[in-house]
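After this come two complexes, each holding chain A, first together with chain B and then together with chain C.
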Partner chain A sequence: MINTMIKKEFRECLFESKGLWMVFSTAVLLSILSIVVVNIKEGSVLAQTDILQYAMKAIFFLTFIVSLVLGASSFVSEREENTMESLLLTPVSKEMLTFSKYVGVLLIGCAILAISMPYLVAIGLGTQFVGTSVILTLFIGGILELSFVAIAVAFSILFQSSKASILTSILVLILVFMPGMMSGLLKQSVIGRILLRMDPIANAFDMMKAVLSDQLPIHEQLVHLPSLVIFLIIAFIFLCWAGGKVSLKGEK
Partner chain B sequence: MIRTKDVNKIYKNGFHAVNNLNLKVGYSDIFGFLGPNGAGKTTTIRMLDGLLTPSSGEIKIGGWDIQENPLEIKRMIGVVPESHGYYSWMTAREYLEYFSDLFRNGEKQDDYIQELLENVGLSDRQDSLISQFSRGMKQRLGIAKALVNQPKIIFLDEPTLGLDPNGQREIQQLLKSINQEKRITIFITSHQLKDIEVLCNKVCIVKAGELIEQGSIPQLQEKYMPGYTIEMQTSANLNLLHILQGIPKIERVFLGEEGQIVIVMEKGREENFYTKMKHDIIAQCMSAGIDIETIRKKKLSMEDIFFRATREENQEK
Partner chain C sequence: MRKLLYIFSVMSICLLSTQVVIAADTTQKIDQTITTATTNQPKSDSEIQVEIISPKKIDSSPVYDGTIDIKVKNNTHQTISNMGCYLTIVDVGRNQTYPVDEFGENAYQTRTIEKLIPEEAVTIQIPVHILYVGQFRFTASVIAYDTNQIYTGAALPVTITAVSNLQKQVVIGTSVVMPILLLGIGVGIWKRRKEN
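Coming up: the complex of A and B.
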């Protein structure tokens, strides 16, 4: 039964929620990025490791944005399309329903991460960091993808309109990304430093920098992992709590 | 099959949607649940199918208490909700297979799905996308979906809403055949009172969450129009009024809305009462030299019963 449900959610994400179009757009954007980077790489003032990190950040951002949009509309769209009632009338539990939607969206996110790997390889070609950057992208991206999809699906259960659900999810993404993007500024103050230590994206970026720019071994950078894992745990708890609240509320 | 006892539903905002509802629906009945907008029909269906929890009272479906055995009841019922949504990117067959899998834990039942598609007249369109279906086709698919778990009861909330007369007739015939062939109990709400009249053997009327009538259609016809009533059209309706008032056992005679003569008779219990009275009336007309164009026994339609029941309720209040 769970296979049927996940298959349906995956297909729904692709065909109904314009997931296919989003995956295609991501591929186009990454292609453009790769072409630009490969052409300017030789003359760029940026170090090649920096270019690689920018590419990884772009992959993260695109993957999370697509996953958030799909996850945030997962339950809401069922209510907006009046299909929720039929689902709730089956013997499937709310938890199972939540899990299948979660996995369905996750699969799309994983597909985007997988699609982006050849681009990353193309960008990193000629450097010694291709393998490391692929491992880091999959590892960090995987943990963050699990977390962001959980948050987005939870919002889709709690909100009554897809607009509200998607906007709130993107707001969360921006809030979590912001410290990582402003790390230079935040390091100037104590509060900023605390924030940077807590923020999963800032830790992920620090880890990438340490491994790729400073060429430190990955295992020495595991100190950055707790914030990512804590973020994942919080996201899961939020999803489990919201999963119990799946209802018809908001159906037209 | 369905029994409710003093069921109440009060929403969080204080709105009392259902008030002490007592229903009794028998095995293989087609039960019409009527009421004006906001009478609590959808709330009642949602309580009966387990989507809403009653504030108080007891609901038993097939002998199971709905609060204690929600899963057993979900397996026993099929529902066609009001404004039913569909996965438009699926084909009709995929849609039925999906719900079949959810009910049967992945166990395939291809033959039964084929049978359902044939029963609802969609076998030739089974591989078409639902987005290409007309409203009537979607509604038939919804009924097939409600049957996918081989239920003992199906609930239909406004199944003919928005359908053209052909579509309405198709749904009526489909429901009748489901009831006759599969012996499935049907619980239906509709504003199309003609549907109810054609389909249902029992009805109940609710208003503002309260039950105001329950019984078979003949019982309600008898209640709201005791005795026999004859409607006739003649060459001289006005003259005939005085003549007919003289006939024994005629309670009153008046001109109807369309100018026809309406004759209300006393309640007669003896055999062939109606036939004897009809003969007496015809004889009086013939002796007065009045030609009869039409003469027929008047029966209350479901629409008349509905309006009278809801109007009387208003007057009592």
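Coming up: the complex of A and C.
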């Protein structure tokens, strides 16, 4: 039963929510970025490990955006298309329904991460970091993908309109990404230091920088993991709480 | 839920504004590595002589980690107190200066020199962590806070060359092949669905 549900949700994400085209668009965007980086003058003076890190950040951002949009519209689209009632009448528990939608969206995210790998390998060729960058992308990207999709699906359960759900999910993504983009004085301030220590994206970026730029062993960078794991746990708790609230109408 | 949306909006606006508002409070009195030395070198024309004594030049590839040793000497006959020594980085190729925290956490901080008696010299060490590729000039300056005078020494030439084995053809090839491949797969799946 659960397999059937997951397959159904995956197909819905892929075909009805235009997931297939989103995956294709992601590939086109990554292609454009790669071609630009290897052709511009600035790109030619960048260290290859820096280009690798930029590529990883771009992959994360694109993967999360697509997953968030799909996740945030998963339940809301059922409501908007008036199919929620029939879905609730099926002998599937709310938790199972939430789980199948969650896994369906997750699979699209995984597909994007998978199609990004050839780009990463192509950029990293010639360095000793091809394997490391692939492992880091899958590992960090995997944890963050699990977290962001959980948040987006939870918002989809709670909100009544897809606009509100998608907007809030993207807002969360921006908020979580912001400390990682901090530079200059704010980074050195007390607020900055606290934010950087807590923020999962900032820790992920620090981990990437330490391993790829500073060439430190990957096992020494496990200190950055707690914030990622805590973020994942919070996201899961939020999803579990929201899963019990699946209803015909979301909250206005 | 609308409240939640509002809270998120307010939070994001607050975070954005903090980035703008936080003022410069950079002059941190950190643990200094100052060694006092007596020198017999001839007097410089300047009241305070600032000189990068080591290294004489940097010609490396990323990542470069090193320490810039700066000698600050009081050439006057009176004690000068309350000074700050700092590094400035000029990017020659890109025609810009850098916020020096880009060159390592310790590079941006000013080093406080409490006082220098006549003819006294101190050596200040500033660690730098260079990730960027390019041609730079590192200059060391000393500001006397009481008189607002700034003394700058000769610049240290820094050349960081990329060690890039980036295989342009492979990257371009992948960038062209991947979308075509995905488009083919997508069209195939779409046609099969249509037939079914």
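By our rule, the second predicted complex is superposed on the first by the 240 of 252 C-alpha atoms of A that agree within 3 Å, B and C clash if a C-alpha of one lies under 4 Å from a C-alpha of the other, contacts with A are read in each partner's own complex, and residues count from 1 in each chain.
The rule we apply is simple: a residue touches a chain if its C-beta (ideal position, glycine included) is under 8 Å from a C-beta of that chain, and two chains touch if they have at least 3 such contacts.
Computed from a predicted model, the values in this text were never measured in an experiment.
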item: First (chain B), second (chain C), both or neither touched by A:L30; value: second
item: Partner chain(s) touched by A:F15 [first = chain B, second = chain C, both, neither]; value: both
item: Partner chain(s) touched by A:F61 [first = chain B, second = chain C, both, neither]; value: neither
item: In the superposition, chain B vs chain C on chain A residues touched; value: C
item: Contacts of A:W241 with chain B and chain C, given as first, second, both or neither; value: neither
item: Where chain A meets both chain C and chain B, residue numbers; value: 15, 252
item: Sites on chain C touched by chain A in the complex; value: 1-2, 4-5, 8-9, 11-12, 15-16, 18-19, 22, 24-26, 61-63, 93, 99, 101-102, 105, 108, 131, 133-134, 162-168, 170-176, 178-179, 182-183, 186, 189-190, 193
item: Interfacial residue positions of chain A with respect to chain C in the complex; value: 15, 20-21, 23-24, 27-28, 30-32, 34-35, 37-38, 44-51, 115, 118-119, 121-123, 125-127, 158-160, 164, 167-168, 171-172, 174-175, 178, 182-189, 191, 213-215, 250-252
item: Of all residues in chain A, those that touch chain B in their complex; value: 1, 3-5, 8, 11-12, 15-16, 78, 81-92, 248, 252
item: Chain A contact footprint on chain B (complex, rising order); value: 46, 49-51, 71, 74-75, 77, 79, 81, 83-89, 98-99, 101-103, 105-106, 145
